[in-house]
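See the structures that follow.
Across the two complexes that follow, chain A remains constant while its partner is chain B and subsequently chain C.
Entry: the complex of A and B
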């Protein structure tokens, strides 16, 4: 598949590839200790020693952005995993069973969808207290209804097809049919949703951490870096711009990847 | 729109609202953790704890607590804020105008920006204008509202020195001033959603333009422009109505966060600052009201959807 035929896929893969590299690198190496304060080198503008400059505590912004990538990716991965698997289980059961089960499950999903995502996360954090683990749980919950709706659509579409009827006539049970026969056919919208969901998880984590109810200090997170740097926006704009670019790139990359996969599944480019 | 559909849709609205209230209640009451203990701290004396339990109604059995809470909501009694020791309803009403004005302004901006962009892109499919809109909307979606807000402050207040960032003007002081200080926050909320709607309109229009009735219109000698505006656009807008409905929840969520960026005294600021104080009655009331508002908007959008498309009869 050439870059001309599916530019979204190529650009998305490139950006996600680079960020994944940074994510893995963040576990092995950062130029400086991300939490190391050095009051003699506060607010240094970008230079060879500190490519993205330093912040109000003299911490290296590049190192903090790298550790922030680690946080954002871990939260994104786990969130999509939780939301995706719970959503798949609910949506698949609802779509395949139909009738009252379907109706009940979808009404519950409607009710969950009425809580704007951030609000749902706010509630969980209010009740359970802040922390990265609780944040992941909250965001995972927030993604369940959208995944459930997509999965339901796929399973509803295939449940009366010939290959399903034939599998049933051999005596295959519902779980086997759903997992082995329908899922492979209904998977591609789920994969697209996972990629776009990852982008949304990055946004949600950054927003909540910006509000001070996501990732807690001293762990660096892109959103918290933005709220900390807003006070000295004029003095040290690089402290704001570095995490800003990181967030925009991650969201752009995963959105493009989702678009690209969708286009590729439709056959060829757009 | 048949009366039967109206009744059915109204019943699902009721079911959704009841479920929403149960979820909101359960989140604060069934999840592990004692709100009274969280409020008073671990070293609180048993007497104090019991007193607060009674004050919050926590000594009643769960179903009874739920009924007490819901009947209070229906009567407009939202309880008393722990942090301010004031009725929640009074606290909310002064903040509501800021969040509502911000959300409506953002919604208007989304309409004004996204519809022309979607049209331009679809009419110039594959040409530079389409690519420019495609690229611009991808970038627009990549910058979440709070981040766009910070960048707008950076550009307008710090670099161009136009408006001072923390200058909120109350509507009772000056209505034009109030609206003026909401413009940048509304832009921050609107841009990512306008990008989504523009892209959606583009693909919806392209679907319509490939259909038989548009080809017939063209073969009858209609210009491409006329075929788009008189024929394709009307049908292409129908699914856009649904997307605008879904956007409502995002606009409110975006407003809540952006208030924090621009220091606007709306619901979002109250909500976030109340979390630190564990002000459960206040937060619970805000959450249920926002969720019910979203469910209502979706209900109205569904009715609108049926009204504009006479083909859909279920």
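Entry: the complex of A and C
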């Protein structure tokens, strides 16, 4: 599969690959301590010593953006994991059982979807208090309905296939059939959804952190870096630009990856 | 409860399967009787839509949603299956009763390897470890005619030909050595040359393992070559049942006669084939008398009155056509 046939996949993989590289590098090496304040070097514009400049406390922006990938990846991954597994369980059960179970589960999902997502997360954080863990829980909850819908669609599509009947004919139980026979067939839309969900989680984390209810200081998060730097946007635009570009890249990368996977699964037959 | 002298492996009595509302049921299968001894091959023949597949699914407890057992009993090894739910039925499926489907291309899981699919019933129903199950699967694959089993163990269904897929399907079905195999049109989706090989394989399985086979087909030729006994189904009931030789030598029911007459033979070469006029009555439009009457060339007025009973016309030979049975009796006397 060349870049010509699936440019989204190649571009998405490249961007996500670079971000992952930065994420891993962040554990081993950052140019400076991301939380180290140096009041003598505030608002330094980008230079060889500080490629992305420094912020209002004299912290190195590049180091903070690098450590910020940690937050973004952690939140993105866990959110997708929580939302995806809960959504999969609900959607799979609903789609495979059909009837009343399906109706009840999907109406519940509709009700959850009717809340604006950010508002739902806000309520959860307000009730439970701020913190990265609670933020992840809130976002995960917010993502359940969309995953549930996608999973339901896949399971509904496959439950009446003959190979499912065949599996039942040799004694496979419902859980076994759902996990071993339908899931591998219905997985590709879930993988696409997970990739796009990851991008959405990055945005949502940035938004909530921007609102000040996400990741708490001093740990760097791209969203909070944006909100902290907006007061001196004209004085030190690099402080805003760096996290903004990082968010845009992450969102673009995971969306492209999702598109690419979708295209690959479609083109690959089966 | 009276127990017959020799309990058959499968004993279906008065089975009626219906769709639709409880107070106005539409019968897809009506008053079906079938019995199958251990190690026997019984052929069930009939046109599309006569209830063959539905009856088979009822035996294995996999009726489609909306279809229910309205009356009758299905006894397997003396155990009543019609009321069995969940785990009880699941324990029998695959272990004692297995099914071979018509279209192996859709009945095999496209994203699992052939080997994995043969191993699964073994792991589920026996205490085998993965290693033992794998060895067993390889030996079964050899048995059903795979050459180079080590390599084919890891291939996916789409990499195999239709005949090979059906062999894989059969391997899955016989994996746990069930006593009864239901083969629903096992050769319909295959080329004529492959068809013969698959039928031969079924006979070999029946002979070597003593597994009883309920062979469902619309093709009298397939059934005739394979089965000791044949039941001919029409519009949801068995209209005639006899040993294969008897059935071909002396068919009683006009429908059976029509089926036999419409087969291509050496004598009929070059002449157009006979076809039974009309079509199977649709569900809900069955006549109240004999369902075959509208298409029957030898119907008499009494045929329209009520559902005909199955009458014995010879040893082990029953037909659901009272006028014809009456004729025979007169000839005999």
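In this section, the second predicted complex is superposed on the first by the 267 of 270 C-alpha atoms of A that agree within 3 Å, B and C clash if a C-alpha of one lies under 4 Å from a C-alpha of the other, contacts with A are read in each partner's own complex, and residues count from 1 in each chain.
Convention: contacts are C-beta pairs under 8 Å (C-beta built on N, C-alpha and C of every residue); 3 or more make two chains touch, one makes a residue touch a chain.
Predicted model, so just to flag it, every value in this text is computed and none were measured.
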- chain A superposed: clash or fit between chain B and chain C? fit
- For A:117, is the partner it touches chain B (first), chain C (second), both, or none of the two (neither)? first
- Message: Let me test your reading of the model: by the given contact rule, A:166 touches which partner, first (chain B), second (chain C), both or neither?
- Response: second
- Query: Which partner reaches more residues of chain A, chain B or chain C?
  - Reply: B
- Query: After lining up the shared chain so the two structures overlap, which partner does A:252 touch, if you call chain B first and chain C second: first, second, both or neither?
  - Reply: first
- Could you say whether A:127 touches chain B, chain C, both of them, or neither, answering first, second, both or neither? first
- Task: Would you give the minimum C-alpha distance from chain B to chain C, in Å, for the three-chain superposition?
- Result: 19
- Note on the structure: Residues on chain A touched by both chain B and chain C none
- Note on the structure: Per the touch rule above, chain B residues touching chain A in the complex are 12, 15-16, 19-20, 23-24, 27-28, 31-33, 35, 38, 138-139, 141-147, 150-151, 153-154, 158, 249-250, 252-253, 256-257, 260-261, 271-272, 275, 278, 280, 283, 287, 290-292, 294-295, 298
- Item | Residues of chain C defined as touching chain A within the complex | 60, 62, 65, 90-95, 98-99, 101, 103, 106-112, 120-121, 124-125, 158, 169, 172-173, 175-176
- Item | Partner chain C, residues of chain A touching it in the complex | 98, 161-163, 165-173, 176, 180-181, 184-185, 270
- Item | List of chain A residues in touch with chain B within their complex | 107-108, 110-119, 122-129, 199, 203, 206-207, 210-213, 223, 226, 230, 233-234, 237, 240, 244, 247-249, 251-252, 255-256
